[in-house]
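Shared chain: chain A. Partners: chain B in the first complex, chain C in the second.
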Partner chain A sequence: MRPILLSGHERALTQVKYNPDGDIIFSVSKDHVVGAWYSHNGERLGTYHGHQGALWTVDVDPTSTLLATGGADNTMRLWEVKSGKLLKTWDFATSIKRVEFSADGRQLLGVTEKRSGHLGTIVVYDINPDPEADQADDHALRIVCDESKATVAGFSYLARYIIAGHEDGSVSQYDGKTGELLYNTQVHEDDMQVTDLQWAPDRTYFITASKDKSAKLITAESLEVLKTYVTDTPLNSAAMTSVKDFVILGGGQAAMDVTTTSARQGKFEARFYHKIFMEEIGRVRGHFGPLNYVAVHPQGTGYCSGGEDGYVRVHHFDKAYFDFLYEVEREQAQANL
Partner chain B sequence: MAPSYENLPMEEDDFDESQIDFTDLEEQFQERLDESLDAFVVIDGLPKVPEENRPKLSKFVLRKLNSVGKVKEDGLFMPLSDEGQTEGYAFVEYNSPAEALAAVKQLHGSPLDKRHTMQVNKLTDIDRYGREGRIKEEYTAPEIPPFEQKEHLRSWLGDSEARDQMVWYRGEKVGVFWNEREEPPESVVDRENWTESFVQWSPQGTYLISMHAQGVQLWGGKAWSRQKRFAHPGVNLVDFSPSEKYFTTWSHRALQVDENHPVPGMSIEEDGKNYVIWDLATGKPLRSFATIDVPSTIDAEGQPVKKKMQWPTFKWSSDDKYVARMTQGQSISVYELPRMNLLDKTSIKIEGVMDFEWAPATPKRDGIKTYEQLFCYWTPELGSNPAKVGLMTIPSKEIVRTRNLFNVSDAKLHWQSEAAYVCVKVDRHSKSKKSLATNLEIFRVREKGVPVEVVDSIKDTVINFAWEPKGNRFVLITAGEIPAQGAAVPPKTSVSFFCPEKTKGGAPGNFRHVRTVDKKNSNAIYWSPKGRFVVVATLQSQQSFDLDFWDLSFDKPKDEKEESEKDLTANLQLMSTAEHYGVTDIEWDPTGRYVTTVASAFRHHMENGYHLYDFKGTLLREEHIDRFKQLIWRPRPPTLLSKEEQTEIRKNLRNYSKVFDEQDLAKKNTANRQVVEARREMLREWLEWRESMIEMLQEEGAEIELNGGKILSNEDADGRVEEIEEIVEEVIEETEEVIG
Partner chain C sequence: MSRPAGRTDWADEDDEESSVQLPPTSITKNKDGTETIITYTIRDDGKKIKTTRRIKKTTVKTEVNPRVAERKHWAKFGAEKGKPLGPQTDTTSVAENIVFRPVAAWKASTEDKSETEKKKANLKDAKIKCRICSGDHWTTKCPFKDTMTPEGGAAPADLADDEPEKAGGLGAGGSSYVPPHLRGRGGAGEKMGGKYERDDLATLRVTNVSEFAEEQDLRDMFSRYGHVTRVFLAKDRETGKAKGFAFVSYADRMDAEKACEKMDGYGFGHLILRVEFAKKAT
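Up next, the complex of A and B:
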């Protein structure tokens, strides 16, 4: 499993995403540039220029037509994937920490940062999937987080709920239509920020990563914690693999402490755990800074990670990975034949 | 429950302070208002003499009293009885309370003549303890509590699987565990705040020692209850005698024991002392000592050199009969246990003595009928006298052997565990004092006349040396060049193995060099307690964390034996090499089956935890535990089997091991079955839940979600499939040729 190194960014990566077909990887970094890459060989497809500050987040719609980005220049932008044309810019008072399309691509949410005088919010826009059409100026929904600011958020199946992870380690469930807070529960340790929230393909459950060194698998319906994955390092990201029942966790010593710690001690490894049995299966080394984001190919054939070191590492799984089965899984597979 | 030192079970609820009767405490600790009486002492035990002899007696007594302070003029009052005789007691007023105190301390119990012993007490004490009501008029015999069955202190040795125990100290928790090889260790007991600084086992494993600000506590038995406690405020270190009868506690702060600072079990004699030697059975101090200040030396730059304290300061002889302390450069004081009196009432004067070491076993010397204890010492060059190494027997104080040495800069004494040899590692400097080399002077203690063999083939300085326990081979590590001040990279080291030659009679012959391994970073040697296997490791290093597992009696096929090593009693083989990042401590279990390596939070905070290896260096388990500080194996007492019985067992090892193999297999199978069962259950639950979710989505009509997030385009829905042909061309090799 020799990785492909994408070295087009000059500063730390903040998020990487595959499009639904898995042939393109989008990456955003603190160097203000959005990159698009062919996932199979790591060739650069193009870049999207326009942002005036560090980028925090990127997402692509289900048809790979539209791309949404958000960053420290207090704007959320919509691009045409094909041409790189900037379609729409929404301005805010604070930076955008997270953007995400709904499953049907007709809604887009953005998480805004909290700053003196401005509470953290989650804004939702209706999106017209036609790149030629005008997009709405005004948000369809605005959720104000007056307790603890949201750090990550996403749409559940059928956009029924909006699930948000908070700075204090809790997870909230909002009504997707009204924005009403339905439920809030402390899933991670107190004041241990939820750093990532990624959905299972059918959006009935999700995985959260936290600074409390653990990742949790949670149902969208009841926010019930199904599984917990415990590591020995603060986590920045957690992703689920399709085909195989694994999760990939990424993190490492906080970026500000990195200069004082060796790569070994920083634990800059992608860790594979079995999703159901919660046991560690393996680790992939390579980054020399913390992993800021891990994304899995939608067809489950590989994964990529973006690091504080400025590199994206794209991995394609080899045969041994697919052959690996626990004894009980093998039994199950044979029973289903 | 957190066992605090006082172990006071306090009910939190409805605690009313005013309800407590403090009168007993008030009486005991009442302020002594009349300070002026502090200068008075009462003397008892004087002879009863008629009035005319009173001045003579007064004069005699005064001479004694004035030896520690100044008695006030007319300060001695000896009352007369009705018969005109003195009463056998006297009242004395000193000039100051301090002098009175000194008199009590130094004169109490001192003999006047053969029949009379002086008892000196403070007047205030007489008043305090002898007041009416404090002492009952009638004698009542002290109540002897009925015999109570105590817990079996060695129950752990009866484990059916012969497992070993170890203590872990991590975070604030101390726990004792059974070692389970590959399986996680089985907890025996785990308590919060069991100790305040560290834990320690007694040398035979009977007790676990916990350290507290107020003193030390000993724990043991099946229930891990407190067996004993010893009050020594501010205690820093503890050292046990080999058979666990006595032990020493030390605190760098001198003890303060007086009326205002009472310490349970201690008397005024312990005031100002640093070391206390205890009798474990009675729980009482035997004797206490103050620290001897080592004369501080000044280095080349005029900075005072901080002398490292030698620990243990009081060294025990192997039979627990003697304990000795050295006054550096002057003498060695040997005390007899349990009375703790100085042997023959004098210290043994050895001019210039730098270090001494007791033989770790009673040496059985050839041609000597009564075996005595033995210690080895060395003195540096003094004027024109050469440096010397000597062996002295105790109690006869006979010097068995001395040897003169020249150009000595330092020496270290290494006894073999059975006291068969003592190796003196002598660091020698050249005439110019620029380069250093090391000699090994090996004394064959058991042989007649104690012959000395010199190994001087070593060019470099030896930084570490270790005998094989119960064997006669040794390993040493040499360092190439002493690193320049502040050098970031330590010098490369070499590891050398030595063994005796084979001789016809089977007795160990001369020591011969077996092999040297160059370009290592190793600096530590850990022999298996049973000998044969040794771990050579790199500790306290920033870059290197190697662990080399060596076998010195490897069974090589005959024809592969190297010609040069044929007549040696060793067959060296590197079994395995491992690495443990940040390793700080290494320890063998008492049976020599396992080795643990620890990255202790006492030294650094990187990847604290431990590794468990078997004797041949196979990693069995590794665990990272936050703030892991100590892992110590519980020692085992010496075996009760005779030598013959042991050989018998070794002969039939195969029969025994068969049984153990079966047990292991059965255990493994049940454990595996449980794990598999648990996984099967987890998988079943998961699949069920997924099924219910998919059903729910189908009911809701969530097509995109069911399709894994991809939107079905119209074309796909119509069944028209777009075919994409992908041609992959792989260039395997390219060659260019010029044709024609």
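Up next, the complex of A and C:
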């Protein structure tokens, strides 16, 4: 496969996301600019200007009309996808580390950073999907994380739960309506930050990535760890592929150590693991910095990764990828014929 | 073309040349639904070229998501505002091809191995040829650098003792520079070492070997006369066929003598072997 290189950003990428139809990729980077790209040919659709600081996160609503971003300028912003128009700005005391829409696009969640005098919080806003309408100024729900700050969070199926990953390596389940803490389990090693949380398409389970060099598949209902994928490098991101039962893990040497390591040692590769057998099946190299985020095309035809090196690499899988089967899988396919 | 009088610019002349009348492009529709397009162009050397193309137009229908199709026609905005359709070269490029082939038992080492193989392949392309036995290794690494003279080199006996470096020394490659005042005394330097003597005493040179011979065949045949320490069959790097000569070393010179006597003239394959003691290198 020939990856498409998107070089529109001047600084490290922090998050990349496909929209639900998979035709547009949104990218945010530390250079304050949000980019929108067509995924099939890498053409840039446009940029969203207005943020005053590094951007940490981006998410798009299910109909691809609204885009939410959050960054180090202590604001969470809502944009119209089509025109790049800024619709709404919410101000906070600290920076926004993660935003995510609920599955129906009616709610938007933001994770705020912990700083002296301010505890980390998860805020939820009700969203009007009409880009012309006014958005609520006040949050509908506010969860304060007094134990360990949340680094990532997301809505489960039907927005029943809010699942958060914490700095101490634990994962919590909050009630989606009341914000009450239901469960908190230590899934990753102590004090190893959960760096990413991505949902399966039906949002009944999710995958977490952590600095403890492992990724885990966890159910939303009971926070039960289903699978563990062990690597040899701190992970920044983990994604599940549709069509094929794989997971893609991205990571590498910590960004601050990058200049002292070569690309080979730094392990700046996207690692493919089989979702069920938990076995590594291959790697894709290309970045010359750690991978900060990997996102999979919702239809499973490709994936893109954003790196500390400032590039987004868009990959379209070729035949060898789709043909790959384990021996047992092949036998099963034969038996079902 | 009318040119103002008095102006015979070379640039103008050039202009005029290219404006030679060309027949217009003609498009004719054929009965089978194809089209024939005839175009005329002028090549750089001034020759007129007639190009006939027959094309068939087919309509390929693909179903696309209407939302996706609509978004494809959105106007660009932000930094891209006003830019033409299609990817811009300053923001989008195509990276080099990456082979991604999932395998069941993937190991980090598999990729490293492929890289060392690549290096090996590179070396192959570099056409390494030993000057002693024409094998695919460096002359310094030749197992016979002590027992053979470089191919095509002057007969060792012809070399005067006081200038051995001319063919032997440099040919061996491994020996470092010997200053002129030391050349006579030191002789061929390291070649006087024990290794050379040992090898030379019990090594047979076997020639007229069949090209289908294998090292193991030789080892089997020569082992009858004593303990064989080493068999080297020169093979062509490209074809893998034997080059027609081999070296057999014995642990004991007596065995070597016996083997030399018995095996000389022995029929192997479709050829008759010729066995003699390997010649001393100078």
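Here, the second predicted complex is superposed on the first by the 333 of 337 C-alpha atoms of A that agree within 3 Å, B and C clash if a C-alpha of one lies under 4 Å from a C-alpha of the other, contacts with A are read in each partner's own complex, and residues count from 1 in each chain.
By definition in this document, a contact is a pair of C-beta atoms (placed from the backbone, for glycine too) under 8 Å apart; a residue touches a chain by one contact, two chains touch by 3 or more.
Quick caveat: nothing in here was measured; it's all calculated off a predicted structure.
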item	value
Joint occupancy of chain A by chain B and chain C, clash or fit	clash
Which superposed partner A:202 touches (first chain B, second chain C, both, neither)	first
First (chain B), second (chain C), both or neither touched by A:281	second
Which of chain B and chain C A:46 touches, first, second, both or neither	second
Touched partner set for A:7, first chain B, second chain C, both or neither	second
Which partner reaches more residues of chain A (counting touched residues only), chain B or chain C	C
First (chain B), second (chain C), both or neither touched by A:38	second
Which of chain B and chain C A:177 touches, first, second, both or neither	neither
Contacts of A:142 with chain B and chain C, given as first, second, both or neither	neither
Region of chain B that runs into chain C when the structures are aligned on their shared chain, from 135-143, 189-197 or 567-575	567-575
Common interface positions of chain A, toward chain B and toward chain C	21, 326-327
Chain C residues within the chain A interface of the complex	65, 67-68, 71-72, 74, 76-81, 85-88, 90-98, 100-106, 111
Residue ranges of chain B touching chain A (in the complex, touch as defined)	581, 606-607, 624, 676, 679-680, 682-683, 686-687, 689, 693-694, 696-697, 700, 702, 704-706, 708-711, 713
List of chain A residues in touch with chain B within their complex	20-21, 62-63, 103-105, 157-158, 201-205, 226, 232, 242, 245, 264-265, 276-277, 298, 326-329, 331-332
Of all residues in chain A, those that touch chain C in their complex	1-8, 21, 23-24, 33, 37-38, 41-49, 64, 82-84, 246, 272, 279-286, 313, 315, 317-318, 320-321, 324, 326-327
